[in-house]
């Protein structure tokens, strides 16, 4: 069960409207690696958790924090889309919305300059659950598997991709209000990367999971001869220079070898048999048409 | 530029048809964490790589290997969908496709039992680019950011989620041919998890990337006071028990603290201003209708 | 069965081309609340109707009318994308499509100014089944439930959201031809809002449906103590000021009460049990790996 | 900013596992009209609200309540997917996941009987952000327009479609634990339908909005002659029997008329002009190929 | 502008309900190659047509016919989902929807046997705009390019894939009412395949289009040395046996040659340059962190 | 099994960066008719092929070639997005990414001018698996049916739509490096159109398939009286002028006739029966609420 506090977690107030940047800022709100994705991911992982309660509680903590990040970004975008009331009044005389002023530019120019038109037409100057290209958020952007190691690795990825995007955005604006909020989000992503790195170690120290994930599948059932081989599928051997091609493997259970020209393990070329003629697929040789009933 | 060898990378031959399992096996082919996802991810990361060539070559190696894994799964599914020719002939007399035999069961029963109907209607006994629930593969399942640390963490996730799913599938069949191929895929996922773990270390040892990712964003621009704080957003403090709440952070740059009841850093409640009335949004108080032109 | 008349329902002729506005006008054609959505919604509701025939006939009437609205918008967009033949000829000498003229601007400038590039590359100056942000229309934008009250409420929404968007667009152009067509569509949306309001009343007067919908579920099976309570989930009590917090409820069957701090109705914290270890989920405590077979 | 309480809002405990019903119950969780849809809708409407604060607060109250409903459904689904530990142990001896027991049936049978395979393969016995057919939730299922009347009509629809679906589900199970939770959700939907009906009246009484929506577009700009006409597009006149075809319109601003055979308001047949030949569209008559450069 | 006639184009009445087959029949209604796809494709191609009017009229004719096919399939599906009233009454006594009778089977069994659950939960025994696997129809299933040859080839494909699927479905039922309707649809697909074949010839005879499409791009601008070469990218030369590897090309403008081991036409390996460090991509060698501002 | 050669198939090097054209060039990479679509289509058709091996080998040849085309386009786009290092350094002093230079224009201007923002924010100057409007590639853009005639017609369409789009793009740039690569792709599309035309003839000469497709469905089961009739669904008879309205049909099995005003073949108006009241659909007349349990 959830409750809402009146204040936002942090400031979300731009110096002035900027409808182009509002479009950019949709990426960390509704994009593949945005705040909706992590909010939904952490909450679902928490609600699905069958492991120790400290992990479940931690997941739901951070999931709840992320709802507040969605709130901050949504509010910031709404404010970046606010029109200037003074200029608006003058425009009203001309009775054309395209003459309204946003961030010192007319909406007409803003739209012609790459503003998301749905910010006007659909949302009437509000945020949208979409990415910076206008794609609708969908649940293929989140993950919850029931295995905490597999999921914490996803979470670490999400905080890395997310921090990367916000750092790029930081340099795409000079608005000190926007940069202030982004600096807060970048810091939280620093924390959350560290948090998932720590949680991964804790899982290992608790003896619950280790590499290769999932660790409780009996490894003797694997086709073990290919479990630590690097298979070179290109001309040239630049890929032999990395530590993935020799020495002990990070899971401590094998030794990397480098196979320059990997063999096929089978003579099978994948040829298929004909099937029921009523599939009407193309057969290997002509067949008389099926009889009518 | 790419070339194809006649043999498949490994055996892909079931003991006998099994249309229900064919549906299940769509997940590692066309699902969020399936082979199409990793094939596309690694190839795009390789084609986007602006870092050292050994990483680029390695990415394209494994991307090319994964095309072969897509091939194996597609072939296996096609064979799991093959009807029995003997029984088919008898059915032909009765002129009804629903009487054909798959894996010892009639197609009619198979469909009524949860077979993917598109395996018959759309693909005529062939594989589909979909997951086990029938959702079409889409590019929201892949990632390529230009930052190798952020991407290798994604890749490690993909090999973890993927291996997890194949391990689950291993236990859902007793067909020795299917299990043999899955044992091969599980072993390759073991290798690939190790490979990405090794590649992440190599990036750090090469001095190219480290935590927090991206490491070349100046960390003094962050809102540093919240960069190593765990914020408890729930009743209770189970989440204080993990190493994410105290001690040095894994990036070696900070010390975790635990904030039981996190404050709001602002008095701002997120209230918005009215905008241009021609947005026709609801204003805070009644306004006369805009004049006609 | 359907027939087509040569004339369109109304004029769809702009004064001059305007590729930027063509992109905007995709919203009422192929957006969430566009004409394709209502066309498909009303036709499917009609074909699914098991209620009195006057409703079925009315639904199919308006659904058929909407096909004509799709036609008008598609035609208008095609015309907004028409290049000027005179200028084109001159450009032809320069052999570059980017030099062609649209609405007084070169295509090059138009594309750089936020034109939908698919209007050129994919459709060759034709309309697209997409919204103003380029998202493909999909059937998640329509609804048909078999319950006429639930569906008429959807229809009333669609005509409200749709009219809102067209009113916004009306102010984003000064083209008298475009405005003329939009004025027609706005008027029809006025009619259709009234139509659904009337139809909702008729359902109630016919004794077929009433609030809460669906009305033929026995209300004594509800958890009745929470059926008329407003639960305040925020700090502060601004939400107590509305008529949703006190007095008789609009369905005439209850009295609103306001619960300032809603209780949890259970002590259950949602903890889950471990499951079959072959799910390879993370267990509450370490388990030995499953034995191999 | 948001906080989480340990207890759930209401009981979410089935008598026994039932993986088939778990699949059904995905609809009110992740379907078009499920709890994720209303949670996201109300929160975004609240964060976009530029009207009186009582509406904003009310929207955020109910949005926060809905997070708790998502939690209840997710938890219930996880429990419906729990395997029986006793039987599992026996199965473990046989080392096949397909032998595990769910709700008295083996997983094998459950999957063959229409269980969502992703509940096992992807989520390891956890809930999924999908509908009962397995489609991923996407943001095309939600709406926030900035106009409260248009949005409250959507909300009323959502609570009607949602209650309808839960009522149908109520009759598809005999599990008293499941029915108890559904009875709670049905009662809340009763409240929320009444709430939106009350809020719509309040908007009108506050003088902020009225029909036709949006009410602050000057109605004299409409093509007024068609603003209150019912246009019969079918053979027959069953549709003339409703109150939408005669008498005063519900907005109090017009009188319905019934037009049996609606005229075209134009002679325009929608013919288009040729465009720049470098679009390579098909022209009305043969043209010589463009010269090479 | 469109009008509706009361009668359907053809019979759509099953002998008896069959909810499993109702699910199958969604494929030709709402699938990639279903009737919604061709309806939308032909109408949009017609509304975009800038060629001779006979093509435009023909496209709109067949598009209008297809609306009626959507109607027939929607009606048939609704009837396949009808419950038996007699049995229902008895079940009502037991007060459980799962006890209702469909096609001689209880809904409970039908759902467990692969029925689409949304036919009950969402549509209340009505058709859905989805395919047989439950995926929502989307506009990526249709095409309108402005070039009639490219589009007629799509249309020929659609009628081929569509007829193939309906033929498969014909054999999956023994219901004479269903088969009667399918026999009608198959015949219309025969006509429409012939129609597009004829239309393609007519385009060529009219001198408007020919191969390669688009024919008015000056072919001397192509890289002509590879315009008629078959490039063998596999081991082995089975692909040399077809007429695509030798002899005159079907467009009459070249001669096929077979290149057993195709060369790379460049020494370029696709290596990329570093970019602005504020993209935070991984560089080829370590760089000092950007200075703070 | 697949291998990669170091060189690309052809040059992919622009004269200079051009982020706007990079966005345009996403269409032939990740659009409905782009190279990912044909790569996936041909590979899946090959892996599903149950016909003669020459077709299977040919499909896999061309599918493998297309992987190289994806590579070329991805590389070209990455290079069109490269920033100028000289200008960048100056900008670095100003510490704002928006000041970086792309193709002679600042990124800021490029983004305001219609650049895809995800090229910066998400991909850090790399290609994306999306179309020119930013939509994610999805498997609804590909087809593999098991019937080679139906599929080769799709392939012919894909090469026609694809060549059309690349021809349009050829005229939208003056960059000689880009045009050089496009000229190569256009030539390969010429080959591939011819290849599929030749393959279709070969199928017919081999006696494996012919029109109407699928040819092995017994045509006497069709409703033969409508198998060669053109049904005019519009006012006017322009559509009677084409060869689809008279004379022998292209399949050689019938004679076209033109039906000016097509009859309904049934009196059935599609009315539906009431169903189980626990569907809570609207019934034809009021019913008492179901009794509570």
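We call the chains A, B, C, D, E and F, going by the order they appear; numbering starts again at 1 in every chain.
Just so we're on the same page, a contact is a pair of C-beta atoms (placed from the backbone, for glycine too) under 8 Å apart; a residue touches a chain by one contact, two chains touch by 3 or more.
In this text, all values refer to a predicted model and were calculated from it rather than measured experimentally.
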{"item": "Contacts common to chain B and chain C (chain labels)", "value": "A, D, E, F"}
{"item": "Rotation angle (°) superposing Cα atoms of chain A on chain D, nearest 5", "value": "180"}
{"item": "CA centroid of chain B to CA centroid of chain E, Å", "value": "26"}
{"item": "Averaged-CA centre spacing for the pair chain E and chain C, given as whole angstrom", "value": "24"}
{"item": "For chain E paired with chain F, centre-to-centre distance based on mean C-alpha positions, whole Å", "value": "11"}
{"item": "Of all residues in chain C, the ones touching two or more other chains", "value": "1-9, 32-33, 47-48, 50, 53, 55-56, 60-61, 64-65, 71, 75, 78, 95, 97, 107, 113-114, 120, 122, 124-126, 130, 134-136, 138, 140, 145-147, 149, 164, 167-168, 171, 214, 217, 221, 233-234, 236, 264, 270, 272-275, 277-281, 290-291, 293"}
{"item": "Chain-level touch network, classified as line, ring, star, complete or other", "value": "complete"}
{"item": "Residue numbers on chain A that touch chain B, as the complex places them", "value": "5-13, 32-33, 53-58, 60-62, 64-65, 71, 75, 78-79, 81-83, 85, 88, 91-92, 95, 97, 100, 120, 124-126, 135, 138, 140-141, 143, 145, 147, 149-150, 153-154, 156-157, 160-161, 163-164, 167, 170, 180, 183-184, 186-191, 193-195, 197-199, 201-202, 205, 211-214, 217, 219, 221-234, 236, 238-239, 241-244, 249-251, 254, 256, 262, 264-270, 272-281, 290-291, 293"}
{"item": "Of chain D, residues touching chain E in the complex", "value": "20, 23-24, 27, 31-33, 113-114, 131-135, 164-165, 168-169, 171-174, 233-236, 264, 270-275, 277, 279-287, 289-293"}
{"item": "Chain F-facing residues of chain C, complex", "value": "1-6, 47-53, 55-56, 95-98, 107-108, 111-118, 120-122, 124, 130, 134-136, 145-149, 203, 206-209, 214-218, 220-221"}
{"item": "Partner chain D, residues of chain F touching it in the complex", "value": "164, 167-168, 171, 278-280"}
{"item": "Residues of chain E that touch chain C when the two form their complex", "value": "1-5, 7-9, 30, 40, 43-44, 47-48, 50, 60-61, 64-65, 67-68, 70-71, 74-75, 78, 122-130, 136-140, 142, 144-147"}
